[in-house]
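Next up, some structures in structure tokens.
Below are two complexes that have chain A in common, paired first with chain B and then with chain C.
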Partner chain A sequence: MIDIKQLIKFISSPKVFSYTVVWLIVIVFFGTIAQKDVGLYASQVKYFSSYYFLFAGFLPLPGGRITIIIMTVNLASSLFKKNLWKMKKLGIIIVHIGGLLLLIGGGITAKFSAEGNMVIGEGESSDHVDDYHDMELAFVNTSLEDSLEYTIFDAPLLGEGKRIKYDKLGIQIDIIDHIKNVRIESRISPADSIYKGFLNDFVIIPKQPDKENTQNRPGLIFKIEGTGKETDGIYGAFLGQRVPDTFEIGGELFFTEFRRKRTYLPFAIELLDFKKVMHPGTNVAKSFSSEVNLIENKIPRRVLIQMNEPLRHRGYTFYQASFVDGLDKETTVLATVKNYGRMFPYISSIIMSIGLLIHLLINLPKMLKKRSPSSK
Partner chain B sequence: MNLLTKYLFYLLIFTSVQVTYGFEIEDIPVQDEGRIKPLDTFARNHLLAFYGKRSLKDLDLTATDWLMNLILDPHNGRKQKIFNVRNPDVIASLLMEWTTEHKYSFNDIAPMLTGQSAMLASIDQKPSKDRTVFEKQLLELSRNILRFEEISYLKALKLIPPGNDNSSGEWMSPYDFILTGLPMNQYQEKLLGSLQAYLSGRLAKEEHTMQKALLDYENALMSFPNKEFEIDTLRKETWMNKVNLFYISLGCYIMAFIILALSWMTQPLWLSRISIAFLISGTVLHGYGIILRMLIMGRPPVSTLYESIIFVSFIIMIFSLILEYFRRDGLGIFIGAITGSIFHYIGFSYASDGDTLGMLVAVLNSNFWLATHVTTITMGYGASLMAGCVAHLYLLQSLRNPHDEPRLKSIFNNLYGITLVALFFTLFGTILGGIWADQSWGRFWGWDPKENGALLIVLCQLMMIHMRLSGIAKRAEFALGMGLNNITVALAWFGVNLLQVGLHSYGFDDGVARNLFIFIAVELVICFGLYFWPRLKTKPKVT
Partner chain C sequence: MSCESSDHIRTYRLPKQAQPLDNDLKGKNEFVLKWETPEMWTEVKGHSMRLASFTVPTTKGEGDLSITTFSGSSGGIEANVNRWLGQIGLEPLSLIEIQKISLTSRGKLGDYQYFKLINEDQKESAILASIFQLDGRTVFVKLSINVGGIVEAESEFRAFCESIYVLE
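And now, the complex of A and B:
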């Protein structure tokens, strides 16, 4: 049987911590360098938010998550050591508790937080958040009397080669291709009759993906079966498509929309006015701000969202992130975050600095003396 | 020490003396590059851009004198060889003759530039990152020529505050009123009138008229409703330009080093006291310069790269003085004098790019968390570099005198203590940075290069401390690690901008990259050299 004491002694050893830190340094260093080539998001996914990654394509190495989990276990178990709980180590104990809290908070944030963008033009309102990275495919039924019926297919369903059977409409969708970044060109020669909708006149061509994932225009090519001879065929869709493809299923008229994954909120935000102020006589922005109505249960409330002054409501936080200059109106971009772990850094930084201060106050005078007491 | 206390007292009085001379032409406010600055700063920065220096020493003219002469006598001003062009390709492309003096006048260059307008337009359309050095310099020269012309007929001098109806906050130049016939309100009229009086007085060399006109000008300025400037602040800036506190501070550091070296050679006590006095005066002036900049701009000590350099060196100076207070054997002076001088030199090379009091983009503007984060993390850089310096000393000492165990141990204890202090500031500063990010754009941590850089410093320090505690590293290895940590600091501080991704990458040029690589190479050689030399020397005895 494994000796529990021995095990705790091993996993709580500062040696384990030292080596995990060395590995973390390696990951952070190379992950940062890699950002120059692959961009921030890709590098984050590969090195920092991963459990493991493949070095040179075949050698699996521990990623940021595993490393930090080991660190957390090591830190937590080190608190069970008997010789730590002494008055003169008070500062050290407090620092380590604070550090543990910080790591736990990081874990909660990594697991449960969600973020995206809310894009609103002046005079318009929005009640949903667009995901930064994930896409979704919507089938919109326009034949109902006073409403639109949306059928949404999520990102995991839209991988290349996936087949979706949707009995309610009696159709089957095969994903032929899901492309990260596309451009659209006119067809030179007439298309095969299997291509329907805009693919009849255009082709979707893959393009080198941009380093910044948000700069990409993803595209989707899929085949629909089970709607009848006329409409069965291969369709295409891409982000920001102006004129959607329409088709009939069982006598009802549908159109498709390939869009950023939406999360609906229990309230809406209406943009009244977007303002930006420049430093006089320059092109450097001094500040920008959005005057909005927060509409909940049809009751509007005026709020000003500006740089460094976000709106917090029902666990969501809206930040003035960016804007789009239009010809006749401006569009604001609000970064939206839902984060359950956001108080952890605040608390843990206070705890850690108190701990370090106590430790320094106890030990520093001794360390700065020219001759240390033990050498006398 | 009593003498030292007295000396400190006088020094404080000297630095707190308010500027007492009257309102001068140098002090009049101009709006330029988004802020209101004294004419002196405006003239210095433009002369720096054209001529490469902040005054015309050969002709014994200050920047403001040069500007006034240009306005009063544009005909001769255009003949003055004021443009410093050091690239022979630029000269050749303008069909001009290459001289060893590198100086050309407006009249030399302007007609040639007109001939190249097609080429200039094509360069202008390129994105700036695709332009070659030659193209950049040619474009800059053409912009400078245009700017020079605008100054000569007062168009670029935005001297007159807007009326009440102007919401953009943009100031106007005398040219706007005189040539385009904008309507004036009574304050603007008074201001323009006294400016004219001053200029005609200056042309006729009538000291009395000039004095009176300036007085009127000051009164006119004061009477403006809702003005956004303080005449006192403008004066402070002019004074700071003239006195140049950081140059004097550099002088003090160099003197401190020379006298310390003398005191080590000859060993009288009073020499080392004088050396301390020089170091303290340098530090006080250094700190006073930082405080003045804060007062002028009304913002925290660090918001640009240049300011971070000055501030980091100030922090190192404080640590050196504290170390010296505890040790009293010159080690603190030694570290302080050397690093203080080096950082002042680096700072001067940054200052030569233009106005060091530039405006900031929206996200970096006025925020409590940003201010505390940047200040704390910069203190962390300073403390880390200080620990690195002490680590170098430890390695040096163990090479020079490996058997003086008490001294080695005491230096090591200093090193360990400073490392803990450094960890406090870097750790806290990094978390504060996360909190700022959470406040401003909703995420605590985004693996942005600058964040990772700060994190790397924290991790390196955590690593060394835990390796020492667990016995993996002995004293010498700890010192080696902390010495090499200087490289991490340099990379986090300057190297991040090499990557040009993320929110933190501000202006950067190739020279910095080169210097950074030189620094890394030198540090590697020094640290490993000091560490391995004694070990290689003793090895043959064992075998």
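And now, the complex of A and C:
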């Protein structure tokens, strides 16, 4: 039978914490080096967001996620140690709780946070954020009188070989290929009749992915069944496709859109004016700012977003990230982050500081006694 | 906006007027081409990359005309003309040679380069094409037809190209 005390002693051992901290340092080192070759996103996915990664292509080693989970379990289980719960160890208990909160906050950030950008031209407004990395396939029904009905298939369904059965539209979609980066070329010879839409005249060709994931143009090749004899077949879609493919389902006209995962916000941002100041004699921006209207419930509120002064609203943070120079107007690019664990580092740091202070105060008399001449 | 979701599949509705468009689609909507269609041509449903498709009838057979537009140079004149030459079984040419076989004309849309591509050994397919290189955008008009049909359709094709304009 498992001895609970022994188990807690093992998993709460300070040695486990020490080893995981050292391992995290190793991962951070290799992850940082790898960024140079594979880019920030790929390195983050491989070393930090993974449960394990293959070293030299064959040796599985613990990734950042499993390391953090071990650390969290270790810290949490250490709180079950009976000899910890003493008045003189109050400071240590508080430091442990603060550390645990920091790790839990990291977990919440990793699991639930989203990053993307909002692109707004001067005089225009936007109420959605496009994800940096995740894609989605949208089937848009245009046959309704005053609205467009979007059916969105999220990224987890769009992996190569996946099959989506969607009874509401009576269709089945088989994902033939999901390519990270593509280029489009015209067909040289006539296409087989199974290819529909733009694939009838063009081909999607895989291209070497760029190190920076946001620079890639993903493409999707999929087979649709259930729309009818004429329109069933293999379709293609790619990011930024100017003219979407259209087809009928049950007498209603649909078009497809392969786009970055879109999150709609309960408010909109209107760009009133974009300003940039260049370093004299160069094309390098010294500072740039966006004067915007934050529109909620049809009530506008004027806000200035500039470098290091983001707009925070309803859990979203909008940073001035970039801009696009246009012929007649400028466009701002706001990096948008929704981080549910945003407050955890602040709170846990305060808690740990208080813990360390209490620990110091509790041990101060003993330390002073040791140093006083009478104790010698 | 109404919404429902299950297992990575979501549906929602957006009003048509407030339909948010991405920048590419906005660009497409802002650039609307119009033209005067010759009487005998019939507009047909083409594939989605085309702005429009027409069937061009002649006594020697029907031709397929397409109008497409892409941002940027879309590969440039050399790549596109050589692709068309390949489609009718001819060897690729250098840019200088391509310029020699092109004719520069002017239409409502601006100057364009006109190409008449014929393979004497393959009379069933020939191409008439025009390329408009606009500011940040290229418009292609291409008629695929047999050699006999080209003679009949050429004047209408040229008139059609010259009639294309941007809807302000």
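In this text, the second predicted complex is superposed on the first by the 291 of 376 C-alpha atoms of A that agree within 3 Å, B and C clash if a C-alpha of one lies under 4 Å from a C-alpha of the other, contacts with A are read in each partner's own complex, and residues count from 1 in each chain.
Definition applied: contacts are C-beta pairs under 8 Å (C-beta built on N, C-alpha and C of every residue); 3 or more make two chains touch, one makes a residue touch a chain.
Here the structure is a predicted model, which is why all the values come from computation and not from measurement.
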Answer with first, second, both or neither: which of chain B and chain C does A:310 touch in the superposed model?
first
May I ask you to decide whether A:127 touches chain B, chain C, both, or neither, giving the answer as first, second, both or neither?
second
Is A:147 touching anything from chain B or chain C once the two structures are fitted on A? First, second, both or neither.
second
Once chain A of both complexes is superposed, is A:356 in touch with chain B (first), chain C (second), both, or neither?
first
Determine, under the contact definition given at the top, whether A:245 touches first (chain B), second (chain C), both, or neither.
second
For A:319 in the superposed arrangement: first (chain B), second (chain C), both or neither?
first
Please indicate which partner A:198 is in contact with in the superposed arrangement: first for chain B, second for chain C, both, or neither.
second
State whether chain B or chain C is in contact with more residues of chain A in the superposed arrangement.
B
Answer with first, second, both or neither: which of chain B and chain C does A:35 touch in the superposed model?
first
Touching both chain B and chain C, residues of chain A:
none
Per the touch rule above, chain A residues touching chain C in the complex are 119, 121, 126-128, 144, 146-157, 164, 166, 168, 186, 188, 197-198, 200-202, 240-246, 259, 264, 331
For the chain B and chain A complex, residues of the former touching the latter:
31-35, 158, 168-171, 322-323, 326-329, 359-363, 365-367, 405-406, 409-410, 413-414, 416-417, 420-421, 423-424, 427-428, 431-432, 434-435, 438-449, 452-453, 455-456, 459-460, 462-463, 466-467, 469-470, 472, 496, 499-502
Residues of chain C defined as touching chain A within the complex
1, 8-17, 19-20, 22-25, 27-28, 47-51, 70-71, 83, 86-87
Of all residues in chain A, which touch chain B in the complex?
13-15, 17-18, 21-22, 24-25, 28-29, 31-33, 35-36, 39-40, 43-44, 48, 102, 106, 109, 115, 211, 278-282, 284-288, 307-308, 310, 317, 319, 321, 335-337, 339, 341-342, 345-346, 348-349, 352-353, 356-357, 359-360, 363-364, 366-372, 374-375
